[in-house]
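Below, chain A partners chain B and then partners chain C, in two separate complexes.
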Partner chain A sequence: MRRAFWIAAALVAVGVPLLHPNSYVLDVIAKAYITAIAVYGLNVILGYTGLLNLGHAAFFAIGAYGVALLEKNAGWPFWPALLAGCLGSVVLGFFVGIISLRTRGNYFAIFTAAIGVMISIVLTNADKITGGNVGIVAIPPPPNIGPVSFADDIPKYYLVLAILVFAVAVCALVRNSLVGRTFVAIADNEDLARATGVDVPRTKLVAFMLSTFLAGLAGGVYAAYVGFLGPDQSGLDVTFQQLLFLVVGGIGTISGPLLGTLLLEGVSQWLQGVQQYRFIIFGPLLVVLVIFFPHGIAGGLARLQRRIAPRGPTPSARTANAPEAAAS
Partner chain B sequence: MLEVRGLRVRYGTSSPALDGVDLTVAPGECVTLLGANGSGKSSLFSALSGLLRFDGDVRFEGDDVGKLRPAAIVARGIAQCPEGRKLFPELSVEKNLRLGAYVGRRDRRGTDEALERVCTLFPDVRDKLRAPAGALSGGQQQMVAIGRALMARPKLLLLDEPSLGLAPRMVQAMLDAVAAINRAGTMVLLAEQNAYAALSIAHRGYVLANGKVVLEGSASTLQQNELVKKAFIGA
Partner chain C sequence: MHLFFQELLNGLVVGSIYALVALGLALIYGTMGVPNFAHGHLYMLGAYVAFAGVTIAHIGYWPSMLAAIVVLALVGVLLERLVFRPLRNAPEVNTIIAAVGVLFFLQQFAQLLFGGDYRVFPTPYDKVVHFGGLVATQQQLIVIVAAAVLMIILFWFLKRTLTGATIEAVAQNRAGAALVGIDTDRVSMMVFAISAGLAAAAATLIASINLISPSMGFSVILKAFAIIVLGGMGSVPGAILGAFILAFAESFGGTYISTSYQDAIAFAVLVIILTVRPTGLFAKGT
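Take a look at the complex of A and B:
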């Protein structure tokens, strides 16, 4: 079932540009993929490890500005710039993590929110470097690979898709590794994990850095894909939007970040005709989703699958939301 | 050998949870800690596991382990099975057990052997390896909790109320397993409210009250002690 889901998803993702090569549609889907990469990062720290990082968008912005500045000002090619952007995000994540991970629960969320706001203010006010509110424009796209030009819609779409596949693969590998299990153990019961011998501070830091790596990766790809950048990408509202995608898709699942992002971005596009009223429809829709799918879409589908074909012992309500149990 | 001298634990400004506790566990011994709720048994285990700050001296095999982090204490050979059958319910039974071997994770063969030993000790666990830990019965959860502590291949096992909330038949099975673990050479420090059962498998025991050791002696001596009989055995 899980394999069938991913095969179907891959076929649809690969087939879209061939069946419906519409620039606007491809652009919307590719941007949703980029957002999904960032949401996967949020899933690592919140879904797996149970830590709410409200400064997540700031790490996205660090990756984005890193790529934009290195490409435009230093003349770096895209790929080394992307690597450096990710590295910048991870290094900042390391230092923020060392301090913030000494706190727990709400305090961690507040601390990271404050860091996010601080980074956003710096990006806005350091206008000689970042362009301030105007931002950075004309960021070059990735260089051609042979005859393939990433200035064209379809190759650009496939490039973003490939990077999304990389991000999903990293998350799936980590989730099924011993390191991933220590993340889940910490989310379940931090004191018990500590008593079991897990090096909790180090493990949390690893999760935080992986999360910021994925945020930085998404940011770097976004900068080169869109071609312009402003400080609004680092705001708290962006983090909350990513959080919403994760909650709707299914926290802690492998498929949830992708499903939630695609669904909500799709609904958001669909409601663009009623631009100023769309949140009147969007809000209740979200409430209904949360009521009927409290474990997100991926968690809900997993429960449905178990009801249709019950196998083995009945999982508890908590395990129904388990990443490893989800149809992900 | 575990040697604890003058161990004190205080939560905030309240009266101390442990007030100068002295105890020892010699190689090959099973030692029981008896005491009512709130007597300080769980605080003592948390302190020995590095989860609580304390004053006093804790030595294990001659080394000062009092200031070590929990992971380092597990690496030295002291593993705890906490009260309340605490598991990671989101993980399968096997993943719970393998997490217990986290400190020795590079020794894959040793981990597989430890898993095999746990499954031999608790045959019910072998059948449930792929099940979510949260879906097991109380007795099975306790087996997994003890098994997870054993996965660290400890020299000293700290067992906090392993019989709590279990059916009488399951209590006996659990204590038989603890006795078997001890016979295999692992030192055991067993906190129990079920004094009769605990003293039946222990070599020695301590009685804790209000954070202090008020009585100590061999298991047979304690079984005959009037205070123990009155307070814990109900005779």
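Take a look at the complex of A and C:
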């Protein structure tokens, strides 16, 4: 069943440009994919270790500015710049993680929010380098691969899709590895995990770095895909929006980040006329979800499935979503 | 030297506002352990209610402020009842997520009603006062005095009345307070009402000095958190002290170091404190 879901999803994703070659629609979907990559990053830290990184968008921005500046100012091609952008995000994640992970619960959220806002302020004020509020424009797209030019919509779409698949696969592989299981052990019961010999601080740091890697990856792809960039991408509200997508889709699940992002971005498009007021609906929706359905769509579906077929090999809600995602 | 005293005055004005906002946040954290990330947006909503009172209903400055306090107190009660009470036993992170939902709603609600632009809040007290070479507007003096009066009333209420004592009791030990017959749910609602009301008062006081906009809550909330971390999460006197320390650091830092990074001072302070003391300054053993 889950395998069928991922195969269907992959077929739809690959087929979209053939079915609906409207460049606006493709653009919206590709941007949603990029956001989903960042949401996967948030999922790694929140879903797998129970820590809320409110500075997530700032790590996205580090990746994005890294790619933009290296391409524009240092003349680097896209791929090495992307690697460097991700690396920058992870290195920052390492240092922020070392400090912030000593705090717990509320302090972690507040600390990371402060880091995020500081990065925003620097991006806005260091205008000689970052272009300040204007940001950076005319960021070159990835270089051609053979005859395929990433200035065109359809190749750009497939490129983003490929990177999304890579991100989902990384998450799925990690989730099913020993490291991933220690993540979940910490999220379920930190003291118990410690008692069974899990190196809690180190594991959390690994989760945090993986999370910032995905944020940086999403940012780097975003910069090259959209072609311009401003400090607003690093704001607290961007993190909040990604959090909304994650909660709707299902925290701690493999399909949740993608489902939540696509669904809400889709609904936002559908609400065209009132799009700027969509949070009048989404805000209360988030509250209702977190009170009544804290497991989101993917978590809810998994529970439903277990109720229908109680013999499934799924002992808990979290592992219910253990993915065969790598298959897609 | 003249500049020094001018900055001292500015620090006092900003500190008064920070204190009103932060002590509301501290009060909620102290009694319920809830980090109310929507607090800044309650502050924003308070400014807009008063703005509507002054510019649409034309009921005058002080009645508008009173209206803002009353409306926000009601909103606070609603929030406690509908959002935070059902989440009392949920993981801490869920409370933060719910608060994020609330602040999204409030921001776009204000944007829908009043537009997203910065607005000027008219004040009848815009005359300039000179004393000993210092320059202040009447509004600045009103901020300092009104904030002091509100804080004195709050302290009197918390320390000298029975109802106030129930808040202290819940802050010290929720289960114990319930055991001796205190209605802890009522206390929670009351605390939210006071906290939101104070935020509304603060927002109305400063609104005519700054501009108002639907996104003004974002910058305030993190500063308020920096302040209560500085003052020891749930401590009301600590929040007031922290507010003035931050305000002076900002106004002197802005003058003598860098204006563009003035806003970063609060976050730098917060990061440094939590780096050195991961459980916060003056951590309460919870």
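One rule holds in what follows: the second predicted complex is superposed on the first by the 291 of 328 C-alpha atoms of A that agree within 3 Å, B and C clash if a C-alpha of one lies under 4 Å from a C-alpha of the other, contacts with A are read in each partner's own complex, and residues count from 1 in each chain.
In the analysis below, a residue touches a chain if its C-beta (ideal position, glycine included) is under 8 Å from a C-beta of that chain, and two chains touch if they have at least 3 such contacts.
Note that this is a predicted model, so its numbers are computed, not measured.
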Considering only touches as defined above, state whether A:Thr196 meets chain B (first), chain C (second), both or neither. first
Which of chain B and chain C A:Arg306 touches, first, second, both or neither: neither
Chain B versus chain C as contact partner of A:Lys31, first or second or both or neither: neither
Tell me the contact category for A:Leu178 with respect to chain B and chain C: first, second, both or neither. first
If you count the residues of chain A that each partner touches, which comes out higher, chain B or chain C? C
Residues of chain A that lie at the interface with chain B and also at the interface with chain C: none
If you look only at chain A, which of its residues touch chain C in the complex? 46, 50-52, 54, 99-100, 102-107, 109-111, 113-115, 117-118, 121-122, 125, 235-237, 240, 243-244, 247, 276-280, 282-287, 290-291, 294
Interfacial residue positions of chain C with respect to chain A in the complex: 35, 82-83, 86-87, 90-94, 96-98, 100-109, 111-112, 116, 215, 218, 222, 225-226, 229, 260-261, 263-264, 266-268, 270-271, 274-275, 278-280
Chain A residues touching chain B - in the complex, by the definition given at the top: 178, 181-182, 184-185, 187-189, 191-199, 252, 312-316, 318-319, 321-325
Inside the complex, what are the residues of chain B that reach chain A? 49-51, 69-71, 74-75, 79-80, 82, 86, 88-92, 95, 98-100, 102-103, 105, 128, 130-132, 134-136, 148, 152
